[in-house]
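Two complexes follow with subunit A in common, the first pairing it with subunit B and the second with subunit C.
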Partner chain A sequence: MSYGDTIPLHPSSQSDIDEIENLINAGAHSATVLPARAPSPSRASIPVSHSPFPLPPYQKMPPSSSPTPVVSSVPAAAATTTTAPGGSSRIGISTDALESPPDTLTEPVFDTVKRDLTRIVSNLKLVVFPNPYREDPGRALRDWDLWGPFFFIVFLGLTLSWSASVKKSEVFAVAFAILAAGAIILTLNVLLLGGHIIFFQSLSLLGYCLFPLAVGALVCMLEGNVIIKIVVVSMTLAWSCWAAYPFISTAVNPRRKALALYPVFLMYISVGFFIIAID
Partner chain B sequence: MQSFTVGAYKPYFDVDTADVVERIRDSLFPFKGNFTEKTADNPDLYGPFWICTTLIFVAAAIGTFVTYVAHKLQKKEWDYDINLVTWSAGLFYGYVTFVPLGLYIILKYFSVPSGLVQLWCLYGYSLFIFIPASCLSIVAVEIFRWVIVGVAGSMSATFVALNLRSHIKSAGERWFLIVAGIFLLQLALAVVLKLYFFTITVGTK
Partner chain C sequence: MDPVQPAGENYANPKTCLFHVLFKAAALAFYILSAIFIDSFVIIFVVTVFLAALDFWVVKNVSGRILVGLRWWNEIDEQGESVWKFECLDQESLARMNKKDSWLFWWTLYLTAVAWIFLGIFSLIRFQADYLLVVGVCLSLSIANIVGFTKCRKDAKKQIQQFATQTIASHFTSSLQSAFSVV
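Right after this comes the complex of A and B.
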């Protein structure tokens, strides 16, 4: 989308746009490969946490589903609006290309999708296959996103719905509602107990920890034997709980750790039971 | 606007694990009667909410399992009934929310006001006994189930009634009616629990 095509330009704006295109072309020569993750320091919403309780509790961050952060346009725009106050909003929108990889608006759709998918996979690896000896479990998922959790919740709902023999739409509705509301309630629970956690980062984490259960649900849908289902669901349930444990336990006061962890386990156990019970 | 922030409700979650465990243990011994004194200055909403949620899950899970076993033993068709979960959620959350609210209004009318959060705390913890009762109801003997439910219901009702007794006594000559009403409501909840979840009618599904 190029503003120059549709809106007649103010005479002073044309020079600004030329200036910016020069800057873009200068930057394009140095960076030709899109990085797998959008550069995280430019996102004002994620703090770097190196201590157990780094944050004031009530940071509510807007979810950003696109990898090109519009927030970063603010510091960039502040630097370049000295030249043209009139066209500052247009400068703001086009200078985010300076902070993030160039041509995100004109790149092929496959590249955008691939970047999102790569981010989902890397977040998944961090959350669900964690290295138990890493130095600071709270540091993972600095680039949280909500696409991954959304995919997993919908996939789990669909799988349960396919497995059900009657009332398929009700099953999907209940599963989706329980998972979505459950994630929100669990996060609120941690916040109310005086824990330090970012709201949407926690939603993202709880969503990613659903991945083993989603795999378990898929296996149960294909497999009919009840004993095998119970074994598979127990294993994936234990995996999900194990994945969620470090994030939740580092977020609250150690005297209240069990109070914060119990609801998480309860939700995953109830989902596991739901998977087994859906015939 | 203030009531929509997280900070407004933080004081009601200011409990440690040890506190919650101790309160749960107190709810199992209804004849001590000192629950309200112990929790007067620090009533919590964590216990009621999560005990309720656990009870919903346990009742739905065990109820489903019991119907499954009953159907399989008689070689009949069995489908998972999703309504079990939704109705049990409505029942328990509704009970714990509205009965203390009603009691609060009644007590205010009789000018012996009790804090609303204290009432919610009391009712929430009183439901804990139904969790082991539901687990024990797996046993397929009908008489056993009724006995279990009766015992749990009366323990729970005694817990609520005794803890409010000292408070209600100052309400004048009507106190007995109030206590009897509380007792009966709690027993009614226990009976509904038994009938909806643990009474099997094979072949009508």
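Right after this comes the complex of A and C.
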């Protein structure tokens, strides 16, 4: 079941809410208790292991030990809030289990940090290194995040700026602006060619594919010889292009593959030249 | 940026409130003061954007959860469609949230965005495109958080309404059934 792009907003008036809250406080305590929603498990692991049903984010009403007329209407009502039938397996929470179940709303901060860091590493491995999931590119970057690209773009900019002997600030600003604006424009290009790709997923992908070039820039910063720089940059450039190829090419119509791929390669090649030319 | 609150309850989570405000204030302060002390644009850019990104993460993942019990994120489902997910605590916990905490949360969110807009206007007037870049990045991060949490709050209110409607409906049904069973 798909929700569409955004959750539709309902007009809500304050007086209605007050009235309703009074009603809740007055009568509803005996009937049901709403637990906080547990998150979809695909968030914590590599997207291959998807849950068999998409867990709804909404609160659900458990058909707990309450008067029977309520129970008969509650599952029907719960079904209309797009609850998947398998979701009833989670409903073991009765009215007296008021301690919050483990979920992302109440987890300790350290868990959140760890989860995000793991996600960055796993995304990097999926995009840049050979792995079996490259066959199905749409699934690979399911858990996109923009932290990895952010770090890589800043790192690349810093490295280029460090290598430059003059106009360091401008080099950094230009590098950052080109990479960020370039990623956005390339994504728009794919979308305008009628490709099926999510905006942020594509931004994330293009950012992660900068990782080889960032490594190449680091090596070039430490190594002065032009020949070695050219060799290193061409290798990392080829690696970047190889990493980006499957995702972009499967996103568009096969006849327009070259139209989508050419700007990506062009951007990476120009970044490569930038790295070589910096002295 | 510290609000003066009317007497009553105190902050329930002072440490979280502190962190919520800390990175925002640090980013703004660094940006404003750096123009006086630091010459290198690179340092200003990297430090300000890093602080703003850190603040974005803290607000989205930590203070949003703890201060107002809301959370939002984006997922891509099986069909490859992008889905915005919103999550909120159950009604009891939401009602138990500290008023001061949520006041601080929402006001600092809005005030930071307004402050960045002002700074952006300044740098526009001075024709400094580099600084406009910094302001642009920080502003987009603030706005992303504002939009996400506002949608999440509206969603939570909608769920209150839905739940209440269904409770009313179920009570109505049960009273009808008991009325008919008597007859």
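To be clear about the criterion, the second predicted complex is superposed on the first by the 163 of 279 C-alpha atoms of A that agree within 3 Å, B and C clash if a C-alpha of one lies under 4 Å from a C-alpha of the other, contacts with A are read in each partner's own complex, and residues count from 1 in each chain.
Basically, a contact is a pair of C-beta atoms (placed from the backbone, for glycine too) under 8 Å apart; a residue touches a chain by one contact, two chains touch by 3 or more.
Fair warning: this is a prediction, and the values are worked out from it, not measured in the lab.
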**OP:** Go through the superposed model and pick first if A:255 touches only subunit B, second if only subunit C, both, or neither.
**Re:** first
Original post:
A:144 contacts which: subunit B (first), subunit C (second), both, neither?
Top reply: second
**OP:** In the overlay, answer first, second, both or neither for which of subunit B and subunit C A:263 touches.
**Re:** first
Subject >> Per-residue touch tally on subunit A - higher for subunit B or for subunit C >> reply: C
**OP:** May I ask you to decide whether A:154 touches subunit B, subunit C, both, or neither, giving the answer as first, second, both or neither?
**Re:** second
Original post:
Who does A:167 touch here: subunit B (first), subunit C (second), both, or neither?
Top reply: first
**OP:** Check whether A:121 is in contact with subunit B, with subunit C, with both or with neither, and answer first, second, both or neither.
**Re:** neither
**OP:** Report for A:228: first if it touches subunit B alone, second if subunit C alone, otherwise both or neither.
**Re:** neither
**OP:** Would you sort A:238 into first (subunit B), second (subunit C), both or neither based on which partner it touches?
**Re:** neither
Original post:
For subunit A, which residues belong to both interfaces, subunit B and subunit C?
Top reply: 57-58
Subject >> Of all residues in subunit B, those that touch subunit A in their complex >> reply: 5-7, 9-10, 12-18, 20, 46, 50, 53-54, 57, 61, 64, 68, 78-80, 82-83, 85-86
Original post:
Can you list the subunit A residues touching subunit B in their complex?
Top reply: 57-58, 164-167, 170-171, 174, 188-189, 191-194, 253, 255-259, 262-263, 266, 269-270, 273, 277-279
Subject >> Footprint of subunit C on subunit A - complex, ascending >> reply: 2-7, 9-10, 12, 16-17, 20-21, 23-24, 27-28, 31, 33-37, 39-40, 42-43, 50, 54, 57-59, 61, 67, 69-70, 73-74, 77, 81, 98, 100, 103-106, 109, 112, 116, 138, 142-144, 147, 150, 154, 157-158, 161, 168-169, 172-173, 176-177, 196, 198-201
Subject >> subunit A-touching residues of subunit C, taken from the complex the two chains share >> reply: 40-42, 45-46, 49-50, 53, 57, 61-62, 65, 69, 71, 73-93, 95, 130, 133, 151, 154-155, 157-164, 166-171, 173-174, 177-178
